[in-house]
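Before we start, here is the structure in question, set down as structure tokens.
Naming follows writing order (A, B, C, D, E, F, G and H), and every chain is counted from residue 1.
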Amino acid sequence: MNKQELMELLKSVASGDTLVEDAALKLKMQPFVEIGDYAKVDFHRGIRQGVPEVIYGAGKTKEHILDISRAMLSNGQKSVLITRLCPEAAAFIKKELPLDYNELSKTGVIGPLPEPDGKGTVVVATGGTSDIPVAEEAAVTAEVLGNSVTRLYDVGVSGIHRLLSHMEDIMSARVIVAVAGMEGALPSVIGGLADCPVIAVPTSVGYGASLGGVAALLSMLNSCASGVSVVNIDNGFGAGYMASMINHLE
Amino acid sequence: MNKQELMELLKSVASGDTLVEDAALKLKMQPFVEIGDYAKVDFHRGIRQGVPEVIYGAGKTKEHILDISRAMLSNGQKSVLITRLCPEAAAFIKKELPLDYNELSKTGVIGPLPEPDGKGTVVVATGGTSDIPVAEEAAVTAEVLGNSVTRLYDVGVSGIHRLLSHMEDIMSARVIVAVAGMEGALPSVIGGLADCPVIAVPTSVGYGASLGGVAALLSMLNSCASGVSVVNIDNGFGAGYMASMINHLE
Amino acid sequence: MNKQELMELLKSVASGDTLVEDAALKLKMQPFVEIGDYAKVDFHRGIRQGVPEVIYGAGKTKEHILDISRAMLSNGQKSVLITRLCPEAAAFIKKELPLDYNELSKTGVIGPLPEPDGKGTVVVATGGTSDIPVAEEAAVTAEVLGNSVTRLYDVGVSGIHRLLSHMEDIMSARVIVAVAGMEGALPSVIGGLADCPVIAVPTSVGYGASLGGVAALLSMLNSCASGVSVVNIDNGFGAGYMASMINHLE
Amino acid sequence: MNKQELMELLKSVASGDTLVEDAALKLKMQPFVEIGDYAKVDFHRGIRQGVPEVIYGAGKTKEHILDISRAMLSNGQKSVLITRLCPEAAAFIKKELPLDYNELSKTGVIGPLPEPDGKGTVVVATGGTSDIPVAEEAAVTAEVLGNSVTRLYDVGVSGIHRLLSHMEDIMSARVIVAVAGMEGALPSVIGGLADCPVIAVPTSVGYGASLGGVAALLSMLNSCASGVSVVNIDNGFGAGYMASMINHLE
Amino acid sequence: MNKQELMELLKSVASGDTLVEDAALKLKMQPFVEIGDYAKVDFHRGIRQGVPEVIYGAGKTKEHILDISRAMLSNGQKSVLITRLCPEAAAFIKKELPLDYNELSKTGVIGPLPEPDGKGTVVVATGGTSDIPVAEEAAVTAEVLGNSVTRLYDVGVSGIHRLLSHMEDIMSARVIVAVAGMEGALPSVIGGLADCPVIAVPTSVGYGASLGGVAALLSMLNSCASGVSVVNIDNGFGAGYMASMINHLE
Amino acid sequence: MNKQELMELLKSVASGDTLVEDAALKLKMQPFVEIGDYAKVDFHRGIRQGVPEVIYGAGKTKEHILDISRAMLSNGQKSVLITRLCPEAAAFIKKELPLDYNELSKTGVIGPLPEPDGKGTVVVATGGTSDIPVAEEAAVTAEVLGNSVTRLYDVGVSGIHRLLSHMEDIMSARVIVAVAGMEGALPSVIGGLADCPVIAVPTSVGYGASLGGVAALLSMLNSCASGVSVVNIDNGFGAGYMASMINHLE
Amino acid sequence: MNKQELMELLKSVASGDTLVEDAALKLKMQPFVEIGDYAKVDFHRGIRQGVPEVIYGAGKTKEHILDISRAMLSNGQKSVLITRLCPEAAAFIKKELPLDYNELSKTGVIGPLPEPDGKGTVVVATGGTSDIPVAEEAAVTAEVLGNSVTRLYDVGVSGIHRLLSHMEDIMSARVIVAVAGMEGALPSVIGGLADCPVIAVPTSVGYGASLGGVAALLSMLNSCASGVSVVNIDNGFGAGYMASMINHLE
Amino acid sequence: MNKQELMELLKSVASGDTLVEDAALKLKMQPFVEIGDYAKVDFHRGIRQGVPEVIYGAGKTKEHILDISRAMLSNGQKSVLITRLCPEAAAFIKKELPLDYNELSKTGVIGPLPEPDGKGTVVVATGGTSDIPVAEEAAVTAEVLGNSVTRLYDVGVSGIHRLLSHMEDIMSARVIVAVAGMEGALPSVIGGLADCPVIAVPTSVGYGASLGGVAALLSMLNSCASGVSVVNIDNGFGAGYMASMINHLE
């Protein structure tokens, strides 16, 4: 469905010729258009929900990222989030578009951040300082998708009082993203303290028997706390997206 | 905190001597009592939320399960859910307590099911018929915790039209539990179709290179769909609990 | 068997002194000659079938690749396919021989492409844009071996409608190569839709729990669709060769 | 689509109201009906192709297998293949239906074998005698699906002359299924000798470092012979099905 | 060195002909005698240290265990500890010798427990109730080797307050054995709270991604707390022995 | 607890208003302060025990390491140990602070080494020369924490006499750190010879089936010698810390 | 080659019509005959070398084992070795043929043991008593193949003096089979002491991180001693065969 | 034992004061001297056997390699073999000593090659051209240790006739080193053809599911041919050493 077809569909809704439900279904069913010959871009989310579009930057050339960004903006997107964006590509895009680049999390945002419209607060916690880049990817993703985020960094389980000193934040969260490498125990402890869903993110921080994050991943999958689910190693974006989805449930 | 202390705390709240917030914090902070010398039971959830308590039956003797069940009921619980309950233990308990046993999912419920008080519907879907026992554990857990559940079984991705014929259920769910063994692709496809959070449950169904469910687990962790998170292999209870938690968010 | 011996064998067939069957057997049984001291080259395929020879470029010096190419051409080969050819070696060879180099798939072709003589169409599909290099290796291999190829890129299962919009291509294929990394679910879905054999190629695209393509590999081996078999991770050449072999079956 | 609807569709084709192409598409798109509440059975293959239906017996109760078999037969199927059928279930079904049970391969066939209508011969070869059960599953599957099968058992690579003494069978095959456990080298050697596609089946035969068939699986995936693809460990059915599909290509 | 030689050596020490240091070295250097033809028994530890000998019961016949026990007792041992002793073998030995059998930990003790002569207290803690058998093996081992043991069971990290309510025990321990399955986080949390060495014991408790205890093992090896080292999965004996060795350091 | 609060607490102890025990508990319970926004530093150990603080240098910028070092020194620390410190960061810090850098072990020490106050000697042994960097990390850590260290390098089990020629060192140690890659057998042999606890450290030395140190790790976990426990691959610091903790037990 | 053809070949040699070298080559090239339809038996070894034939009993029915044994004996074999022979099958065969069954190693020998004709002594050593069954399989195999065997059992590396007390045996061996589970260090220590080839056999003895013998296997593959090579886990037969082959080298 | 002591020992033998056997034992028992503080060099082999010493170059600085080489030469060694020697270190040493460097196998030899004194021929075979570097390490090692070597390269099992055309070499070998990556089937096929011991060397050649040589390693460990044992991945030196040891057995 191209833009013109979209306009016609919406006019048809406005005039009563098409039911709202039918239009919504149609939008869900035909969600992409092709840009050049290297990508099919999915516009329906932004149009329907008013949230920014996302580009996964890894493995894409800087020219492709720029092209896709421009196509999104010209289709009416107000903001674009780019994850796994290397500094070189960021510098290249910055010359052409108003990019706000975060070197720590390797994320870039084009356009204004939306007003937070989630129902509560997303807490993003990490076990150590080395986990912060992944946590920031989650936090920036959640912010770009319209969430208010509280960061609790370096509250790992080997110094449990650091975590307990933030009980109020944990108790008042609507959803928590718990990021940890090495033994990956943070989500279990937080899951036992909190009443809300916990999204666990293993990180590849560590060496030797951490096996590139597999140790933390296994630990989190075996969490004895209820209300914990897990995303891929280093997948801050996935955790932030899932947290936002939960936080926007009516 | 034993029962008497609990009563005193509540009276103190009633008389205004203790603030509601302080009492709530206290309840969260001291959540267990000891039953015999083999278990510390956690009562605060039921007291605070009115939902049934849960006993993980695997590795417990039938006598212990009976004792814990009785302790829970005598502490005011209306219903008790027992997971991983073998038929022999079920038969033993049934003689003493009004147990409703589901042999397929190996779950037992003592007491009445609560009225569904979740905000929407929990959809539980499976790839094949062999995944149904795990799915039933998730479904029964969600029902016992107060959710309305829709079952979509045997809608695996190798016959994609079976899934597409249930688009309305998928579109109207508030949270979806997607259960699959073998290649574990169901959550990815559902995640791409749905707007709501998807909890993926790998099962140990399959043989050879399924590696006891590890193939499905890895597949789900690598899902290219956003809004998907994963629990342990065969962990139907964990998925049902997580889904209920999300479905009860205000 | 050197060229002269080959000529004598063929004359002997022509004169009736050797039966065609015996000559064919002899050709199959002695299929190589030595070039320098570093390789035994297999000529019988090209001579018998009229298709191009193939050089696996990885781990060979550019001088060796050039030598082998020249030996093949001087033995009567019309075209030579070189896979895993790095840009530097390609530049080196291009100075000496008419090489057509595809930087995306790292393949080079010396000499003209043959006319497609396969019985039907080979469809090459990918889950995402990052899988395209491996898919191109498969597609170029199939083309060099005399097949007509249809490319369906970026039709991954998390946006199932992208795939369904190409049902006609899938239904009319004689053999399909399905290339995917991450959760590797594409072959299962295609296998459920198509009537023809599906060759699944896992790619090393992804991070963390993708384990360098092992997640996708396991997923494909466990496909619940019938008519799917699998080649090594990133083995586009192997898939293209297998597809061509199937497509040329009388 | 139930049987009546199918009849109406076919009448509509007969009367010219529906184009053949449209009907074919419709049949492919709605390929299942529900039997009881435990299975969705896929009829379109048999109706379209005239070949027997297949039931995967593992994990199904003997009553369910009987019910599904009857439903298939009453829908017009002439033959039904049941794989992974344990002797107890076989004995149970035999009382009700004319089952031909093969205890070695754990397969059962209800109804007559079809006349072979494949284009050539399917060769099924094994490395050792312990691989025969898996090979028989492949061979019976191919026979039930209308193929002429040649068995070459116990021709493993550690006694290469056993294999070479069957060169004529290998040279004249249209597709070969190569079954081996332990070091899994058979498909590589056969792939180097044959001109046709080779489907490799690793078996779980062996002990210690065979890792339940993973050693053979890895060996086959790394085959240096072209024209070899692999199915799951012990998946004789999948190999037989794939071989039949290739052997029936026009 | 047989008993007579030992006597002579000791007399020689007594008479001043052999220095104490030389005798000690000699005892360490020749530490075994052969019993029957199936075992070499190591007596020097008991003789030098006055502590009981240990028999690893797994894989030994009940007759062999009895023979070795008798040989030890007749060599002057006051007590013998048998680990991994199945109930059948225990019943068999009990008829002949005064065995005290603990069915939970599968340990048996012949002879009196020694008076605790360790320098402090050994704390043995578990994450859940399912870890208790392994913990009991550690506790009984430590007791038999002369240690005062404090048990803290079911104090897992998903209910952190259960652990914090035992801070005094943790603070006053001289060495702690922390036993946990599933996510294996207990040693990390205890290691962060305690000032003394922590011996971590992963257990094979759990299912699916616990991989038979490997998840807990990896978690413990990656502990971000200092002062934690790890023994094999389910190796309660090894942990109890190591703890005793540390607790007896002068 | 910041520095001022610490002073007040100590004055309160001095005046008798606070019991020593209460103050000690308080110090243990609130062990960190925040430095900038990137790290929570744990001061209580140094204050309480008089030993140096430790910074894990990997993944920290040289500026952060310098800041943390300065904060530690200005809080009264006499010495600071930095592990995993790359030469570039060492050179940077050396310009500002009196750093003693050991390029072999990648450790740096700021300030004087403390007088050894451990109860005995820590022996650090290696199997080969390639294991020395990890062993040096352990040895330097132990020295900085106040231990007298004896180094026994290149005494691997394939030349057992090299080890036996150092029996006196082994017999007189209070705790032994045994460092080995490849087959990782050193701790087993030492564990059988020594009377004291052995901390085993696998190293990533080796190639092929050493799997980055996993072979040595597994070997050590399966040690048939009693009194051996294991830390993570290449974790010289952890072993040195554990050894020091044991060596300082009263 | 059947028996008659063999006789004719031998007569032809006797008459001088066939050269000995040609006959030997012919025997090597056609080494099997078919027995029934379930096995191809390889006679050439026995005929050429005068040594007993071997049957791998695992996975064969007792009837098949009996048939193959009889065929071998009727072809002139004096002795037959059967490995992995379960007690039930042994009892069955014993009724028909003079079988000497060793329950420990699960080996059976029909016919007389040959006179040892190896050049030296084969030493078979084990780390512990649990490794003895595998060691006995190696020892019996070597004896049946004509070797003089010295057994050194329970000489594991955690009590190094047990091994050193047998230095003379080790020094005078022509080839050594070193059998060990758990940490698998025995071959490394023996390899460092001996001058002759060492065949290492990992066993599946152990639990937890022994991973069914994989830990010992990896340890042995990484042996830092030269002159050590490895066979599969629990493969006593393979080690005995290899040792015999080396011991018979002229 | 230093050189002077050695001389005295030998004089003592000459004069009859020391028995030859006692001297030999003494030499075996004290086999090393220390060079600098970084290595214990083992001289006894060369002195006793007249063969060159070996230095493992990986992980050693070029200065250390030079020092050890000089020490060996000044102790009377005629030749020194250095393995895993990088080109830079080779160039450095060449300036000082007469090094013969082989860039393909990364081996260097100082001094003359010994006359072959092995009993027969060592055959070194490879599956492909990429395996040649590892094979050359084995071949050069065997040559330096006094063996006559026949090279059979690129005779992999996917073109079985390449191997069969060298049957005479295989039949006349005293020991064979079979080197292969990918599916690692070469040793199985050779083991089935040859009468002599086969040392299998897996290589890390390949990609994807070759898992850095683990696939080939597992394949070789599971070889169904008797008389095959295995060394570590890429361990050409170990195979050459083992082959030489076997080839020199009297």
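Assume a contact is a pair of C-beta atoms (placed from the backbone, for glycine too) under 8 Å apart; a residue touches a chain by one contact, two chains touch by 3 or more.
Not measured: the values here are computed from a predicted model.
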Next on the checklist: Need the most distant chain from chain B, centre defined as the mean of C-alpha atoms.
Outcome noted: H
Checklist entry - Between copies chain D and chain G, are the contact residues mostly the same numbers or mostly different, with half as the line? => result different
Checklist entry - Where the CA atoms of chain A average out and where those of chain E average out, how many Å apart are those spots? => result 49
Item to check | Distance from chain H to chain A - Cα centre to Cα centre, in angstrom | outcome: 55
Checklist entry - Using the average of all C-alpha atoms in each chain as its centre, how far is it in Å between chain A and chain B? => result 26
Checklist entry - Rounded to the nearest whole Å, what is the centre-to-centre distance of chain C and chain G, using the mean of the C-alpha atoms as each centre? => result 44
Checklist entry - Taking each residue of chain E in turn, which ones touch at least two of the other chains? => result 159, 193, 208-210, 214, 217, 221-222, 232-233
Checklist outcome for this item: Checked against the stated definition, the touching pairs are A-B, A-C, A-E, A-F, B-C, B-D, B-E, C-D, C-H, D-G, D-H, E-F, E-G, F-G, F-H, G-H
Item to check | chain A - residues contacting chain F, complex | outcome: 129-130, 132, 153-155, 159, 161-162, 205, 207-210
Next on the checklist: Residue numbers of chain G touching chain F in their complex, please.
Outcome noted: 127-128, 156-160, 164, 181-185, 188-189, 191-193, 206, 208-211, 214-216, 218-225
Checklist entry - In their complex, what parts of chain G are in touch with chain D? => result 29-32, 38-40, 42, 58-60, 202, 204, 212-214, 217, 232-235
Next on the checklist: Per the contact definition, I'd like the list of chain C residues that touch chain D in the complex.
Outcome noted: 25, 28, 54, 119, 167, 171, 174, 193, 196-197, 199, 217, 221-222, 226-233, 237-239, 241-242, 245-246, 249-250
